[in-house]
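The structures considered in this document are given below.
Across the two complexes that follow, chain A remains constant while its partner is chain B and subsequently chain C.
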Partner chain A sequence: MLAGIDYFIVIAYLIGILLLGYYFKRFNDSSEDYFLGGRSLPFWAIGMSIVVSDIGALDFVGISGQAYRYGISVGNFDWIGSVPAMLLAAFIFIPYFWKGGMYTIPEYLGRRYNNTVRTIASATWIIFFAVDLGVLFWASAVLLNVLMGWPIWISIMVTASVVGLYTYFGGITAVVMTDVVQMIIMFVGGFALVFLGLQAVGGWDVMAEKIVNLGPEYDRHFDLMQPSDAPTPYPWSGILFGLTFVMANAYMIGNQSIVQRCLTAKNEWHAKASMIFASSLKMLIPVLVLFPGLMAIILHPGLEDGDQALPMMIKNVLPPGLIGLMFSAFFAGLMSSVDSLLNSTATLFTKDIYQPYIKKDADDKHYLKVGKLTTLVLLLIGIATAPISSYYPGIYVAIQTFLSYFQGPIFAILLLGMFWKRTTQWGGLAGLSIGIVCSFILNTVEGIFTIEDPFLYVSWWSFVVGFVVTVTVSLMTSKHDDSRLKGLVYGA
Partner chain B sequence: MLNFDWLSGVSAETAKWIFLIFFGLIGVLVVLIPNDYVFEGVPQGDRRWWNNLKLWAIGVLLILSFIYYIF
Partner chain C sequence: METKEIKEKKKSAHMNIALGTFVLFFGVVILIAIFFTGTSQGKITNAAAGLVLAAIGAQMIIKSKRTIKKLG
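Then we have the complex of A and B:
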């Protein structure tokens, strides 16, 4: 499928990214440099990095496939499912974390509640990120194998070598600055596909008319709002309660790999601006990933597997050269996800586990070494565990489900911790633990929900349970001194 | 109740207006944020209108509202 020019573009891209990332080695003299970029990065770089690390190669294919099946309602995830939460993060949460000089979200939870809450939250993220790394390697390599015929192990080793080198040496500065280039490549490749795809279908109006005329199952393909009893995973009630009120906030405010980027900002204004700038770029993502799925309905009707929509579009719409660029965009998506996982997990381990529990008062150079070593070990674990995915085809979905267990309860205790002085450490611990158990029950007991794949409803109800338990237990236990809450609670 | 059955009578068109009102509400909250807070980090003499993050946020919300109004 690839022509000579395509190979040239892909190889030039990989070498360029490697050199660019390696260049930032010189800026890492302390653990603050390695984990927080010396708190010196500008908003535009951070904003671009947030957007690109949030979308991987698998999302390109998966979201196009969902658009092929369900229409534009899947775009809710990047529009209402991101923008309001990013504004809340920008104006309320990020400034608090930035001013507090924090490295991790669990660090905030530890200061606000206690070390047990910090350790539970941190260990959860570490396990999730570490397992996700291997799965991501494998799933993306399989995708590249299907699309381009590249051998699976070559994809894994190339990605691991390039990302591993620049993340190990360059820390988060290399991660953010390479993400800037990755985002530009992703947008250029994606928009080229959309532009040529629209020409192939005769323009937007013609495409919309043709799709709606295909039959009653396509009637709602251009409606963002799906009725609350519609048999899709995205009814408007789930979008509002599960996605907008809980999952989006939990992701944008409680996800280490997102928030850590904002903590690298050179001042408070840049920290806030980075999130708002990212929200404006985020609104363009559905155009890149969703439109090709819609175009494929006209150009390749009747696909049994919607996930074939994007590969078919690339194959039949893009000329040589642009295919190489699109392939580089897939690599960019994969590498930006992997570098985020590596650096964030190294930060969580060093700051929340190693420093408090293993070696407390070492000098800063020691923690810098531990961070680098953790990055390397994680990379090796990711490569070693990647083939396990081939034995468990549903593991990618299982890991995302595992993450959804924690989203609601963690957001509940973050929200109450930030806004309600009366929240106590025991309230937070109980809310987090019982909320997670509630998520697990809702996910595993069959017959509770009537819609397909009810993860949006599970998030909402586990948030409600976490919230109510935190409030109840807090009221039953003695409140914290005001001096302990200074700088941790809004208005305290 | 867990399936939000009590909302099944609300049409998708009404839901769209609920979302638009929600965006409007966020917009009002953004406007109410004190100016000094949004400029925090920019030296007093360098504060220009393009540094006003409230304008950025309102711009983003207007585009979002337009998308939801159209679709």
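Then we have the complex of A and C:
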């Protein structure tokens, strides 16, 4: 439980972020303002927002916990598993999405393939985001319950009210700008924790020596690449094929909540620069999330649940004031992930489902209202589904597993759609559908993979299946006219 | 009449003032927390973190106010 100054900081943070978000209401006059910030935001704000939305508090807790259990190999998620994909997104994909004036990734898929592909992709993301929202509400509630002693339901309602209100009123501008504050606080708190943690363990060299001497199970804690038969979820083969080739690209290029931020940029240069700036910040993330997990092995050995490593470090290493700030940073990360999901889902629903299927030619104010209303409905769904998350023990792995159901096939059709003119609408539809079915089979049938939590392999194989099916069916169906591909295919 | 570019710059500056105020406030709170900290190491860390936050916040406010003044 927190006390005194730390309690004050957490409360002040919650009230402050609510007021800050509400302040951005004044910048929303149209649906373009609400969903794309009027296409006027600067690269540095978008870049920070991408990082803080991507990393979030779950990653702080989850990756520290994984570092405690498996060592530094989990850092691949933020280095090789992010940076190359972000550069690829910046130079190839983002300019196409931005120039096309798109609101959503499924909108691109709809133009390149057909509306069925657009709807399937959009509905899949909406379902994922809705489930993820419940998970995040639950995680926030557990955090507030532990820190402030508030009952779980009160904690869920507080989180939902704060994030819901500022996202409802401020739209994507509030989301991006509150993320800027959240990232500054996360980095300052995170580096303070690393600094004091290193002091407590006697420095990096002493810590590394102590960990390696703990026993054979710690032999590979400082190996960035693990053998393919290593008893971890992060063997080199999974990292290379599943993470670097598929999940990272699918996440940075095909994830609505990431790409939507780049589409808020004031021009194409800012759109590209935002992703490049985010990738440079991303390289610092492992320092903030891995080190505390490793230090906890020395300072708090024998923890049953690795996810306790970071909270224990904060509680026992940081001084008063910074404890409150760091927990606010935690909460900031959670709120940032929640606000991204809310706004992106509202955008997906309004632009990909409501506008094409329910009310086609309404005026702009109507779509603005629908976007806001969708945000409120999502809040209620998130609140109602939050308790389901208590049945899943490893939140980080659970989210990665959910993602592995569809990221591979979506990335396969995005890649082929962007680079291969011969890809047809039927190829894309078949590749997406069969790829998703394949991930379901790989995730649910037992005994296919020998490692625990094989989400990296599932992503890779569902990508391969989606890719092969798209190519095969495309070659069997008649190709599209060149005029239809203009501005949608690289070089066309 | 204001051009779109000037409007966007002003909008950006107003946003930065709001953000800067928030960050500055937290910097000051962390500096105040020095008085609640027992160890000298803790005091130094709080001072450093508080000063970093306060400096970032103040810089954002000052720079944005200058921009607004310049744009008229």
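Heads up, the rule we're going with is that the second predicted complex is superposed on the first by the 471 of 492 C-alpha atoms of A that agree within 3 Å, B and C clash if a C-alpha of one lies under 4 Å from a C-alpha of the other, contacts with A are read in each partner's own complex, and residues count from 1 in each chain.
Going forward, a contact is a pair of C-beta atoms (placed from the backbone, for glycine too) under 8 Å apart; a residue touches a chain by one contact, two chains touch by 3 or more.
Computed from a predicted structure; not experimentally measured.
Touching more residues of chain A than its counterpart among chain B and chain C is B. After overlaying the two complexes on the shared chain, residue contacts for A:K272 are found with chain B alone; chain C is out of touch. When the two complexes are overlaid on their common chain A, residue A:S40 makes contact with chain C while staying clear of chain B. Of the two partner chains, chain C is the only one touched by A:V188; chain B is not. In the superposition on chain A, contact of A:A12 is made with chain C only, not with chain B. Judged by the touch definition given at the top, the superposed model places A:Y23 against chain C, while chain B stays out of reach.
In the superposition on chain A, contact of A:P227 is made with chain B only, not with chain C.
By the touch criterion defined above, A:F128 reaches neither chain B nor chain C.
Note for the complex: chain A touches chain B at residues 72, 79-80, 83-84, 87, 90-91, 95, 220, 222-229, 235-238, 240-241, 244, 267-273, 276-277, 279-280, 283, 448-451, 454, 457, 461. Against chain A, the residues of chain C that register as touching in their complex are 8, 11-12, 15, 18-19, 22-23, 25-26, 29-30, 32-34, 36-39, 41-43, 45-46, 48-50, 52-53, 56. Put simply, chain A touches chain C in their complex at residues 4-5, 8-9, 12-13, 16-17, 20, 23-24, 27, 40, 42, 173, 177, 180-181, 184-185, 188-189, 192, 195-196, 199, 266, 318-322, 324-325. The residues of chain B lying in touch with chain A in their complex are 2-5, 7-8, 10-13, 15-16, 18-19, 22-23, 26, 30, 33, 37-42, 51, 53, 56-57, 59-61, 63-64, 67-68, 71.
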